[in-house]
Amino acid sequence: MEEQELTQEIKPPANTKGAARWLKDNLFNTWYNTLLTCLALVLLFFAFKGFLTWAFTEAEWDVIPANFRLFMVGSYPQEQIWRVWNAIYILSVLMGLSAGLWGGLVRRFAVVLSGVWSISALLPVELSTRGWCLGANAMIAVSFFLGRGRTGLRPWILGGWILSFPVIMVVLRGFGENGVLTSNWGGLLLTLILAVIGIVVSFPLGVFLALCRQSNLPAIRWVSTTYIETVRGVPLITILFMGNTLIPIFMPGFDINQVLRMMIGITFFSGAYMAENVRGGLQGIPRGQHEAAQAVGLNYVQTTLFIVLPQALRSVIPAIVGQFIALFKDTSLVSIIGLIDLLGVAKSVIANPDWLGLQAEVYLFAAAIYFAFCYAMSYASQDIETDLGVGKH
Amino acid sequence: MENNSPKVEPGKIPFWRDVRVLRVLFQGIFLLGVILLLAILYRNMLEGLRGLGLTLNLNFFQDEAGFGISEGITYDPSDTYLKAFWVGVLNTLKVSIIGIVCATFIGLFFGIARLSSNWLIRTIAAAYVECFRNVPLLLQIVFWYTAVVAQLPNVRESLSLFGGAFINNRGVYLPSPEPTSSLKIWLWFLGAGLLLAVFLYVLRWRQLQRLDRPGFRAKWALPAFLIVALCGWFLTPGRPFTLDLPALQGFNYQGGMSFSPEFSALLVGLSIYTSAFIAEVVRSGIQSVVKGQREAARSVGLKEGQTLRLVVLPQAVPIIVPPLTSQYLNLAKNSSLAVAIGFPDLLGIGRTMMLQTGQSIPVFAIIMVSYLVMSLTTSAAMNWYNRRITRIGR
Amino acid sequence: MAAQENALNDPIIMCKDVHKWFDDFHVLKGITTSFQTGERAVICGPSGSGKSTFIRTLNRLEEHQRGTIIIDGVELTDDLRNINLIRQEVGMVFQQFNLFPHLTNLENITLGPIRVRKLTKSEAEEVALSLLERVDIADQAYKYPAEISGGQQQRVAIARALAMEPKIMLFDEPTSALDPEMISEVLDVMRELAHSGMTMLVVTHEMGFAREVADRVLFFDEGLIVEEAPPADFFDNPQHERTKLFISQTLQH
């Protein structure tokens, strides 16, 4: 082995490098590949030409900056917008600290994020917005340097991430009449909140259901299986409709607004899928682990908490990220019920008489935002998967 | 030894320590909790319904629906609600089945393209997959509906394909085959061909057994059947089918097959979105086999085509089928997004029924049952298939 | 009656007519035997003879369906308290080690003492470190199981079982999954344990170990004890045809 590598290092075989060689190997290696390449090039040329002509001459992109705030936060009142920025700052600090502590993937995300803020600050936006953007950037940078190398902080930061969720909810909502009613949450903000709630709240539900489904007590297993299979057999939109009309019927006396109803619907839906993901992890735990735990004298609860779940959950992280991506896209269904999430905003902008006939522009912009988030998450998921594969203990 | 004094009292276990009793007890408490929860919900429901001035009632399914449905099987507003719902079920099935067929073909195409040795093809396929699976399906459907289909030229300026198919903002119009009176004669030919084919199939099977060689059993039967069918086609007086071409009459095209703009947008959206996932399923299925197996097959001396047919596909197909089925199920469930653009699927019609009668609970029940029947039958078929496959595989 | 036998022989494990079925398959067909405190017994037999199942019934990893098992005066029944008591008194070492991969070697050992015996963390770690010293891998305490060799993992597993201060140690083919060069390091630890006076039941194919350490060898075949004797008699003067066949086949290697 070593010898072979050595000789390769000394004398690379001829013709393995160079652009011409690469072209020949990857595009023109056989006659049909040559044909395919040419065909594809022609198609690409026309597709790009058509799209670019439209995008630069016909499309009216004014609609995007004119409604930008609507896209981001919906009808969140302007004078309360600091709440959103505070939430962003909390996340920025956590992001910066984590980037400093763990490096790798988190650092890459932090860099991209601060890039986004820098570019936003350069755009022709209001002065205050520019200030907020630069502030977020500063938060990331300062906390990054604070966090660097202090590995002892890690458990605290993890706790901080968990705690940040309720804290941010409170920050965004405020209290009573002085705050911002959830019915005013909208745009990308609402989309993100719905997706995060769907995952975070459904997580314990999913773990519970999965444990029930794996139980050796038949009654518990059946109840759980029935729930999971019923929910998974039905489209999300049906569950959202049901949540919308049935929650007021089943819970008379409670004033549950539409945003909350959607959150409940999404959580129950997501819980069933989460359960199946977790179950996959549980099934991957060898029987010997249970036996060894029993032999040491641990009872069921201890075995589950200390032996089974830590291993099972670690192995299902990629699947959970996958579910998060799916859920992020699925939150767009709330626009059918009448909430103004990102897609809802897009629909309402199109319906605005000032911007008639701009469906393509508006939907493409919304699609680009969805794409950016989903793609970033699937990138992260692949990264985590390789990480888990390498340091497997 | 002191502590070895007998502590045994067989048969006398206090119930709170007896594993067997505990098992039953625990399940009992759990079931009781579930039943209690359901009971509370039921009580709340009755109370809530009273508050709305409604009573649970299933008789309305037999009442006259009174609303029109834009497409589907023959239906009249004077038909019952049940009939109206049935129209929706069939519409859902129609768009799902056609969507599954389209998505499979597109997905197969891009899945194989992702494995191409040609960098450009591979990259285009990857870009296709990433673009379409990372954008919400609802957005895609709404985009196709409002930004593409609705922007097509009007009837007078329809896009025409080969003079027989027309596309405009009112829908898609395709020629359809219409059976003629001579179809019967041709069917006789087909029957005869089938008999011959069965006979040849058995003959070939016997021969292969005698030769003790593997081979393609339908090698004689298939061409024989095709030849008979083809001869029949030309020998039949007149043609068994005529093409019914859509033609502009008055304000719209008449004749042939037509698909509404809603149906077309939904179909395109569902097919493209699902095809991106199917492409991934196909790619990873084939890739999971290819690595070591292909080399092994080569080392045994199989040719490229034989490797694919005898080694790769038999192993890849069982890997691909389960996730493929779940994609099909997803497509069927996603067809419910039709409500966003007004295609009358079962959910859309159910919703209209709810709005008209106020009976939301029974209507939701029938909607859920419809979807559950679809998914449970499919997963039952899937389980049966899996059991068969694993038995062969082991 | 049980009390009389107890008083007579002072056995720490008593099995009477133990039966076990896996569905329709009759694995144990009436095992009756007993083990004295401090006894070192080796159980051998062809695969599928029920020897592993037998020692797994002794700490309720498998449930026996007929007969009685009494361990240290406590009968194994459906009584939850008895099961827990017995599991604490019986340590078990598995063929596949079954270490917890997400915990360090030290944490593997301290888990039981902390959670079940309710020791404090520092007490448990003290115990664990001295046990790791005893099995000769104190330097691997803070590594994860995947980072050490199979022989070392099995020694951690032995330490993990010992940390519960059991009165009885069960070994289920402890060397079968090991590479040949690692077998002796595990056997050395077991030998040392045997000399310390621990009651040990060992399922193994290591006949050298049996001859050297065991007080008694039990030969299982088709769910029954075919022969039991001190190692000298067992190996040099087997009574049964099947025993003779088994010994000759095993010693050929």
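Lettered A, B and C in written order, each chain numbered from 1.
Just so we're on the same page, a residue touches a chain if its C-beta (ideal position, glycine included) is under 8 Å from a C-beta of that chain, and two chains touch if they have at least 3 such contacts.
In this text the structure is predicted, and so the values were computed from the model without any measurement.
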item	value
Touch-based graph of the chains, sorted into line, ring, star, complete or other	complete
Chain nearest the overall C-alpha centroid of the shown protein atoms	A
Distance between the centres, which are taken as Cα means, of chain C and chain A, whole angstrom	50
Euclidean distance of C-alpha centroids - chain B vs chain C, Å	55
Whole-Å separation of chain centres (CA-atom averages), chain A against chain B	28
Contacts with two or more other chains, residues of chain B listed in rising order	none
Footprint of chain C on chain B - complex, ascending	1, 3-8, 10, 13-14, 17-22
In the complex with chain B, residue positions of chain A that touch it	26-27, 29, 33, 36-37, 40-41, 44, 217-220, 223, 229-230, 232-235, 237-238, 241-242, 245-246, 248-252, 325, 329-330, 332-333, 335-336, 343, 346-347, 350, 359-360, 363-364, 366-367, 370-371, 374-375, 378
Sites on chain A touched by chain C in the complex	286, 288-289, 291-299, 302, 306-307, 310-311, 314, 392-393
Chain C - residues contacting chain A, complex	59-61, 84, 87-88, 90-92, 94, 96, 98-102, 111-112, 115-116, 144-147, 157, 160-161, 164
Residues of chain C that touch chain B when the two form their complex	2-3, 6, 10, 12, 37, 68, 70, 72-75, 77-83
